[in-house]
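Shared chain: chain A. Partners: chain B in the first complex, chain C in the second.
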Partner chain A sequence: MNALIKMLIFPGFGFLFIAALAFDWIDRRMIARFHGRVGPPWYQPLADFIKLLAKEDVVAEGTHGLAAAALPIVSLTAVMTASLYIPVGGIVGASFEGDLIVVLFLLALPALAYFLAGWISAGVYSVLGGHRSLLQYFSCEVPFLMAVTCPAILAGSWSINEISNFQAQTAWSALTQPLGFILALIGLIGKLKRDPLDIPKAKSEVVAGPLTDFSGRKLALWHLTMNMQTVLGIFLLVNLFFGGSRFFNRVPALPVFGLKSVAILLMLSTASALYARLRIDQLMDLGWRILAPLALIQILATLWIGG
Partner chain B sequence: MEQTRTYDRLPTPRGTKMQREEGPKACRKSLGPGAEGSSRQQIAGDSRTEPTKRRLQRYVDAVVRWARRKSPWILHYNSGGCNGCDIEILATLTPRYDVERLGILKEGSPRHADILLCTGPVTLQSRDRLRRIYEQMPEPKWVVSVGTCSCSGGVFKGAINVVGSVDQVVPVDMYIPGCPCRPEAIIDGLAQLLRSIE
Partner chain C sequence: MTKTVIPIGPQHPLLKEPLAFQIMLEGERVTDSTMRMGYVHRGIERLCQERTFIQNIHLVERVCGICSHVHAMTYCRAVELLLGINVPPRAAYLRALLCELERIHSHLLWLGVLARNVGLDTIFMYAWRDREVALDIMEALSGGRVSHAVNIIGGVRSDVTPEQREEILEQLTTLDRQVNWLLGVVEHERSLQTRTKGVGLLSLQQVRRYCVVGPVARASGLDADMRRDEPRTPYDRLSFNVPMHTAGDVWARTLVRMQETLISVELCRDILKEMPEGPLAVRAPRRVPPGEAISRSEAPRGELFYYVRSDGSDTPARVKIRTPTLPSLLTLPQQLKGVTMADVSVVLSGVDLCIACADR
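Up next, the complex of A and B:
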């Protein structure tokens, strides 16, 4: 019973759904404030979601219908499964030694589904967007993974919960490994395909990338997956770099966790409002020539200090 | 076209009483189970004998109608105009007018869009493309013709390469005249279209 509540309501699906809509709204609102405008009302993500659910679901000629229906569901499932292993506000859904690796794997599945969504569509923009998403995945995922391993090495554990507990007792990784945190943030932006790195779905170049031919319910699920992924990525960073829900070894609390998450969301929004989109070759350069070596340096430094 | 579309929104002067009454008020009336005398109720029969399923359906319909009104995503296509109206549309999308307050987002793909904003007269070359874009959009969809050219052909009317107004090719739901029409006029037209969404 307890497990069911955890799965369906609190750290599980219900909470994640509400958090996804809320974070989407906060993000859009903050970008609007950066532009000097008011921005959408609070119910906007919900209205978008319901409207897309009620819209006609077109499967274009030449598209693999079954795969088109399965891919959004697969990626949504992967993201929701990952949510069980990420502690929220001191409440742990499920935890075991090595769940960090499982979460990273589950969060990588949507990227593969996203590429396949472009591959099975008949449109040229979808195929082009799919290729770009794969290239971007390779150049962003490597620095992200390397940066995320640093707190794990320092804590001597591969369990997210233990890492955040360790940091609550010693010091936040964001302070001891600032380089790793910045790399993880950039990697997260690339993983989520958010604004400065929205190369696979650049509106002025490839229309909407792999999702160009998706409409109605499937598009709604894709949007939901993206928003949930944003939430989970932020929660993951809070746990790995900001000591989870504790504030300098005080009692774990949900508000503290919420504040830290919104702070990271603010960093992401700032990045989307401030920077222009990179070209795909610039991103490859950045990823392999700068970010990956820096991540290597960070890992070596962590080994030297911690080991 | 599956839906029969009424063209009678055109002759009504914009902003008249009649059009405004059809909007959210009428919707709110059909929402509650106790709203007797509304036309929907008469079709559905007595509310007590009405099956629960159908009543549930009405609530779902009301929520969906609300969502459609609050989240119009637009697609913009110039079928042969002078680009004046397009500049005004882009001006409408700038932070100065902030149409995201109404939930309006510009989408690149016809598959994601709800409202097609057409500018300019339809030329012989763009006729098929306009029709194809319209067919690519999923139902429910609306077409707004922006500018005098797309409403009537305007200064290009009668030219050898011009078919005429947009409504000769696709059914139009809202006409916004002006050469070019101001962003305020476009926002007003969109807002009135949203009010009339059933």
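Up next, the complex of A and C:
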């Protein structure tokens, strides 16, 4: 019974759904303030979701219908499964030694599904966006993986919860490995395909990328997947780089965790508002010539400190 | 390498105006492109022959949705040349004031579109917010934000009161500060520069060959500005420089346009301060003596050209409009060759297309 509650309500799917909508709203609101706009009311993400669910679901001619229906469900499932292994404020859904690797794998699945969504579509924008998403995945995933490895090396464990607890006894990884945190943040922006790395879905170039031909329920599921991925990516970074709550012993862990997550979300929103989109070749240059070598340096440094 | 054909337009998030491109891609690189235009051809030149000289003012004002005033003004000037009348100095100053405001409005709008197309939405919002100030001033002056209907043959219809003058000068101070800020962003924002530098190159030879005009030509080093080269009141009494760059890429065009905006704000101030008293218009006869006249002026996008021929009746025998967008359009296949798909949006927004003008 307890396990079921953990899976379905907290810190499982119900909580994740609400957090996804809430984070989406905070993000939109923040960017709106940067733009000098007011931004949407709090229920806007939910209203958008319901509206899309109710809309007519059109499958374009030439698109593989079964795959188009399966892909959003597969990616949503992968993201929801990953959520079970990411502790929220010290509350663990499920945990075992090596769950960090499982989570990273599960969070990589939506990227593959996103590429396939472009591949099975008949539209040229989708195909081009799909190609771009794969290129972007390769350039961003490598520095991201290398950066999130560093806290694991330091803690000597592949369990997210262990890494988080280890920091409670020592110090935040973001303090001991600031470079690693910045790399992970940039990698996360690329993974989530957010501004300024929204290259696969750049509106002025490929309309909406792989999702151009999706509509109705499927699009709603895609959006939900993206929003949940954002939440999980942020939760993962909080656990890996700002884990534990040694400095806030007197306050409960959960609000502190929420504050840390929102702080990272604000960093993402700021980056969205401040920078112009890169070209895909510029991103590859950035990923392979700058971020990956820096991540390597961070790993070596971590091995040196830890060893 | 896979070869793909990407359609851009007539409906695409990149182009708000109807123009169709077929972009031939090899991987991400553009190998060739074809263009189709004419979606908003309204036959305005032919319609001009059906209507009287006076009715035509309102017709040519609708050629363009952004630089409506300069069209009507240039047309009126051509007819005034045929009639052999001179507009009173105050009318010339008021016409120039609206021209400069239109330039500010057009360039800020363009900066917003460019920023939006490279994914810098913040600058889009800021530029369009600041553009509102120029629109507000124009509304106060003429009653219309986009179509002003202030021109009549022989002068203008609406005046500026001393109270309005003070208020506009105050708004111009705000505008000056905000445009300066935007120019600072454009000069210092690295991510914007990486997207615009070296993209959409046009050499001085190409500019000469295609007869490109306006900011695009000035960004490639062609020193041409109708306000200075064919000075009329009040430009012959005002001092201003014409910003020039030689790089010939979208980045240089951005700088040229933003610096021009600043100069236009300054010109608006000078015009308001030095505006002479006097009548707003002189009476013009309805029938125009036979003959032909050309009139040129500097629209926001470059030299605007009107040719009017009269056969002695109250309707023109021919009105020919040459808009500054047309030569820029013709250079697009050249500019697009060899760029990546991501740069297509930068190239297309860099030349500041006005398809409604070009199609007429």
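Throughout what follows, the second predicted complex is superposed on the first by the 298 of 307 C-alpha atoms of A that agree within 3 Å, B and C clash if a C-alpha of one lies under 4 Å from a C-alpha of the other, contacts with A are read in each partner's own complex, and residues count from 1 in each chain.
The criterion applied here is as follows: contacts are C-beta pairs under 8 Å (C-beta built on N, C-alpha and C of every residue); 3 or more make two chains touch, one makes a residue touch a chain.
Fair warning: this is a prediction, and the values are worked out from it, not measured in the lab.
*Asks:* First (chain B), second (chain C), both or neither: which does A:216 touch?
*Replies:* So A:216 only meets chain B here.
*Asks:* Output check: A:282 vs chain B and chain C. Expected answer is one of first, second, both, neither. What do you get?
*Replies:* The answer is second: A:282 touches chain C but not chain B.
*Asks:* Based on the superposed arrangement, let me know which partner A:253 touches: chain B (first), chain C (second), both, or neither?
*Replies:* A:253 sits against neither chain B nor chain C.
*Asks:* Applying the touch criterion given at the start, work out whether A:55 contacts chain B, chain C, both or neither, answering first, second, both or neither.
*Replies:* first
*Asks:* Now for A:203: first (chain B), second (chain C), both, or neither, which partner does it touch?
*Replies:* Both partners, chain B and chain C.
*Asks:* Applying the document's definition of touch, where does A:43 land relative to chain B and chain C: first, second, both, or neither?
*Replies:* Only chain B is touched by A:43; chain C is not.
*Asks:* Please indicate which partner A:35 is in contact with in the superposed arrangement: first for chain B, second for chain C, both, or neither.
*Replies:* both
*Asks:* Shared contact residues on chain A for chain B and chain C?
*Replies:* Overlap of chain B and chain C footprints on chain A: residues 35-37, 125, 203-204, 207.
*Asks:* Using the touch definition from the top, list the residues of chain B that touch chain A in their complex.
*Replies:* On the chain B side, the touching residues are 63-64, 66-68, 70-71, 95-96, 98, 100-101, 103, 107-109, 111-112, 114, 136, 138-140.
*Asks:* Quick one: which bits of chain C touch chain A in the complex? Just the residue numbers, please.
*Replies:* Going by the criterion above, the answer is residues 4-7, 12-14, 25, 28, 115-122, 125-126, 129, 189, 191-192, 194-195, 340-345, 349.
*Asks:* In the complex, go through chain A and note every residue touching chain C.
*Replies:* 31, 34-37, 124-125, 127-128, 132, 195-196, 198-199, 202-207, 273-282
*Asks:* Please name which positions on chain A make contact with chain B in the complex.
*Replies:* 28, 32, 35-41, 43-44, 46-51, 54-58, 60, 125, 203-204, 207-208, 211-216, 219
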